[in-house]
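Presented sequentially are two complexes of chain A, the first with chain B as partner and the second with chain C.
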Partner chain A sequence: MKQSYQDIVSKNSPKENVFMNAVVAFISGGLMGIIAQYLIDGYSALLDISTKEATVCMLVTLIFLSCLFTSLGFFDKWVNFCKCGLIIPITGFAHATMSAALEYRKEGLVTGIGMNMLKLSGAVIIFGVVSSFVFSLIRMVVGLI
Partner chain B sequence: MTFKFNNVYIYSTSTVTGPYEGNGPLGKFFDLCHKDLYFGKRNWEEAEECLIKESVNILAKKGDFNLEDVDVFIGGDLLNQIAPSNYAMSNFDKSFIGIYAACATSTLGLILGGSLIESGFVKKAVTFTSSHNMSAEKQYRYPTEYGGPKPKTTTFTSTGAASCLLMSSGDIKLESGTIGVATDSMIKDVFNMGAVMAKAAADTIVKHLKDTGRNIDYYDLVLTGDLGIYGKKILKEYMFTEYGIKLKKYNDTGVMLYDRKEQPVYAGASGPACAPLVTYSYIFDEMRKGKYKKVLLAATGALMSPTMVNHKLSIPAICHAVSLEAMI
Partner chain C sequence: MIYLNAFIFAGIVCALGQIILDTTKLTPGHITVIFVVVGAFLDVFNIYDRLVLWAGGGALVPITSFGHNLIHGAIHGYNTEGVLGLFSGTLDLTAAGISAAIIFAFFMSLIFEPRD
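Right, the complex of A and B next:
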C-alpha cells in the first residue's frame, strides 16, 4: 500500500509541544493575575477607592503598558513566548489593536489607522458583544422562571 | 514543458539583503547587506522597491555594462499588484514584463528571459525578484509588531533582491528550463508552506527529467526553492515513494539561507528572493570554483491568496525549474 501525500506530510510535520506551551501560559497568565491583583490592592489603598473602581484603573494600566511595550517593539517577543498567558488577558487585545495601529499609521489617519486598527481585534469586540447579549438573555429567561 | 537553450548565459548577478540574511551563514557571499529593514525609506513597500533598484544598479556596476543597453527587464515580487517591482521599474526607462509566480518568480524569469534571448528578439535581458519579510508579513499574515505564536512549520520570508543579466555570453549556462503546473496538494495550512509546495516540486523535477531524458544523478546538485526543513523531508520521501527517485545530492535554499539554530526563522527561509539569493551568490561561487558542474534549481511558489484561504480552499503551488551549467 502506497502512502498518500497527506500521510507523508503528517509524518514529517513536527509535533507542537502542547504540554510545555500550556505550562508556560499557565505560569505567565498566573503572574499576570498576581500583578493585576496587586494593582487593584495598590490602587484601592493608595487612592482610597472601591475595588470596582480600582479594577478599572488596573485594566487601564495593563492596556497602557501593553500598548507602550508594543510600540517600543519588544512586546511581540513576550507574547510569542508566553503565548496564551498574555494573549487571553486584556494585554492580548491591547497588543493586537496597537500592532495594527502602528502598522497602518503610514497609510493615513482614516484609511490607515481608522480602517485597519481593529483588523485583528475587531472580531473580539463583535463576538464579545454578541455573546454578552446571548448570556444576558439566558440570565433574563432563567430569572423569569 | 521543457525548453532547451543553446545560447543563453548568465553574465552577471547581484544580491542585496537585509540584516537576517547578512548575519546568516551565507552573509559573506552577498553584494550588499543592510543593517536596517527600512533602508532609509518610510514604509516596507518603498523599502522593497529600494531593494530592487539597488540590486539592478549593483548588477550594472558588477557586470560593467550600461543599463541603457538592456533590452528588457523581467521580474516580480510577492506583494499585491507586484507593486514594488512596478514602482522600481518606473525609474528605468526600459521595457518591463511583470511576472508573478510567488516564490518561483526567479526561475520563471530566467526561463522567459532565456526564451527571448534564444529566439533572438532581445540581446540583453535582466531578470530580478525581491521579497521583504515585513511587507509580506503585513500583507499575508499579521501586523509586523503582532507577536502571535507560530507553529514550527512556519517559514520566514527572506528580505532581499537578486538580479541577473542574461545574454549570449557568460560563465554559467542556462541550459534548459521546465515550466511547472499549478499543483493542488490539498493542504490548507498556511503555516506549512513546505507541505503545500513539495508536491509541485516533485512534479516539476520528474517532468524535467522525463523531458530531458536524464537521470537524477546527471546533476551534481538539485536545489529546491524554499520548502524549509520539513518540506525538504516531505519532498525526499515523496520522490522516493511516488517516483522511486532517491534525492541524494539535494538541498533546499530555504534551509541554507539562515542558521536555524541561532536565528528565529522556524522551518527556514521562504520568499521569491530566497532561491536566487542563495544560488546567485554561494552556489555560483562554488560552480565557478568547480565544485558543482550541473545544478538543477527548482524554485517553488505557494500561490496563496488570503481570500481563498478564508473561503476554506486549499493552496495551489507551482514550481519552475532551470538547469544551470558551469562553463569553466
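Right, the complex of A and C next:
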C-alpha cells in the first residue's frame, strides 16, 4: 500500500512541475520576444536606422539591462522563477557573464574577473564558433557540388 | 501581427528548453550550447532566415540567433574574402553582443558588490 502510494506520488509530482515550468518559460520567453520586437521597432522609428542596426541596438540594450539587474541583485530571483524563459534569450548570456564577474571579483582584476568572466558563457562562444565553422564548410562543399 | 508571432516563437523556444532541462540531466550550460548549435544548423539551409522574417524580434532574441549570426558572418566572409574570410568574418555580426556583455560586466563588477 505504502509502496504503491509513493509510486503514484513520484510519478505525478514532477510531471506537474514540468508542465508549469514550461508554461512559465513560454510566457516569460514570449514576453522577451515582444519586448525585443518593440525595441527593434522603436529604435528603427526613433533613430531612423535599418532593422539590422536596430537589432544590434536591441541586443546591446537587453544585455545592458540584464547586467544592471544582475548586479543590483534581483535578476537572480527572476531567473530562478522563469528559468529557461530568461536563460535562452540573450539575457541569459549576459547574466552568466555578469554573475561570474561578480562572483570572482574578490580574487583580483586579472586572476579574478579577467580569468573567470567567460567561465560560463565561454561555452556558448566556443561551440557557436566551432559549429558555425563546420556548418559553413558543409554549406561551402554543398554549394560547390 | 508580428508581435503575436514573436510571442509564440520565443515562447516555444523557451518552453522547449525548459522541457529539455526538466526531463534530462543537462545543465543550463548544455541547453544554451544545444540551442546555439541548432541555430547555426538551421541556417545551413536558410531556414532560420525565414523564421526571422516571420517572427522578427522573437527569433532574434533567443540564443539560437547567436548561431544564426555566427554562420551568416562566416558565409559573408567566405563570399567576400575566400577561405580566409571564414576566420575573419565568423565573429563579425556577434561582436557587438560579446563586446557589450564583456564591457558592461567588467565595469559593473567594479562598481557593484556581489549580493546573494
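A few notes on this one:
Criterion: the second predicted complex is superposed on the first by the 129 of 145 C-alpha atoms of A that agree within 3 Å, B and C clash if a C-alpha of one lies under 4 Å from a C-alpha of the other, contacts with A are read in each partner's own complex, and residues count from 1 in each chain.
In the analysis below, contacts are C-beta pairs under 8 Å (C-beta built on N, C-alpha and C of every residue); 3 or more make two chains touch, one makes a residue touch a chain.
Note that the structure is a prediction, hence the values are computed from the model and not measured.
Once the two complexes are overlaid on the shared chain, A:F127 sits against chain C while remaining clear of chain B. Look at A:I87: by the touch rule set out above, it reaches both chain B and chain C.
In the superposed model, A:E103 makes contact with both chain B and chain C. Of the two partner chains, chain C is the only one that A:L137 touches; chain B does not reach it. When both complexes are overlaid on chain A, the residue A:G30 reaches chain C alone and has no touch with chain B.
The partner that reaches more residues of chain A, of the two candidates chain B and chain C, is C.
Residues 14, 21, 71, 73, 83, 87, 98, 100, 102-103, 120 of chain A touch chain B in one complex and chain C in the other. Interface residues of chain C, counted against chain A in their complex, comprise 2-3, 6-15, 17-19, 21-23, 28-29, 31-33, 35-37, 40-41, 43-44, 55-63, 65-67, 70-71, 73-75, 78, 86, 90-91, 94, 96-98, 100-102, 104-106, 108-112, 114-115. Listing the residues of chain A that touch chain C in their complex gives 14, 17-18, 21-40, 55-56, 58-60, 62-64, 67-68, 71-73, 83-85, 87-90, 92-94, 97-98, 100-103, 105, 113, 117-118, 120-121, 123-125, 127-129, 131-133, 135-140, 142. Those residues of chain A that touch chain B in the complex are listed here as 2-3, 5-6, 8-9, 11-14, 16, 21, 70-71, 73, 75-80, 83, 87, 95-96, 98-100, 102-104, 106, 119-120. Note for the complex: chain B touches chain A at residues 42-43, 138, 142-153, 185-187, 192, 195, 198-199, 230, 233-234, 237-238, 241-242.
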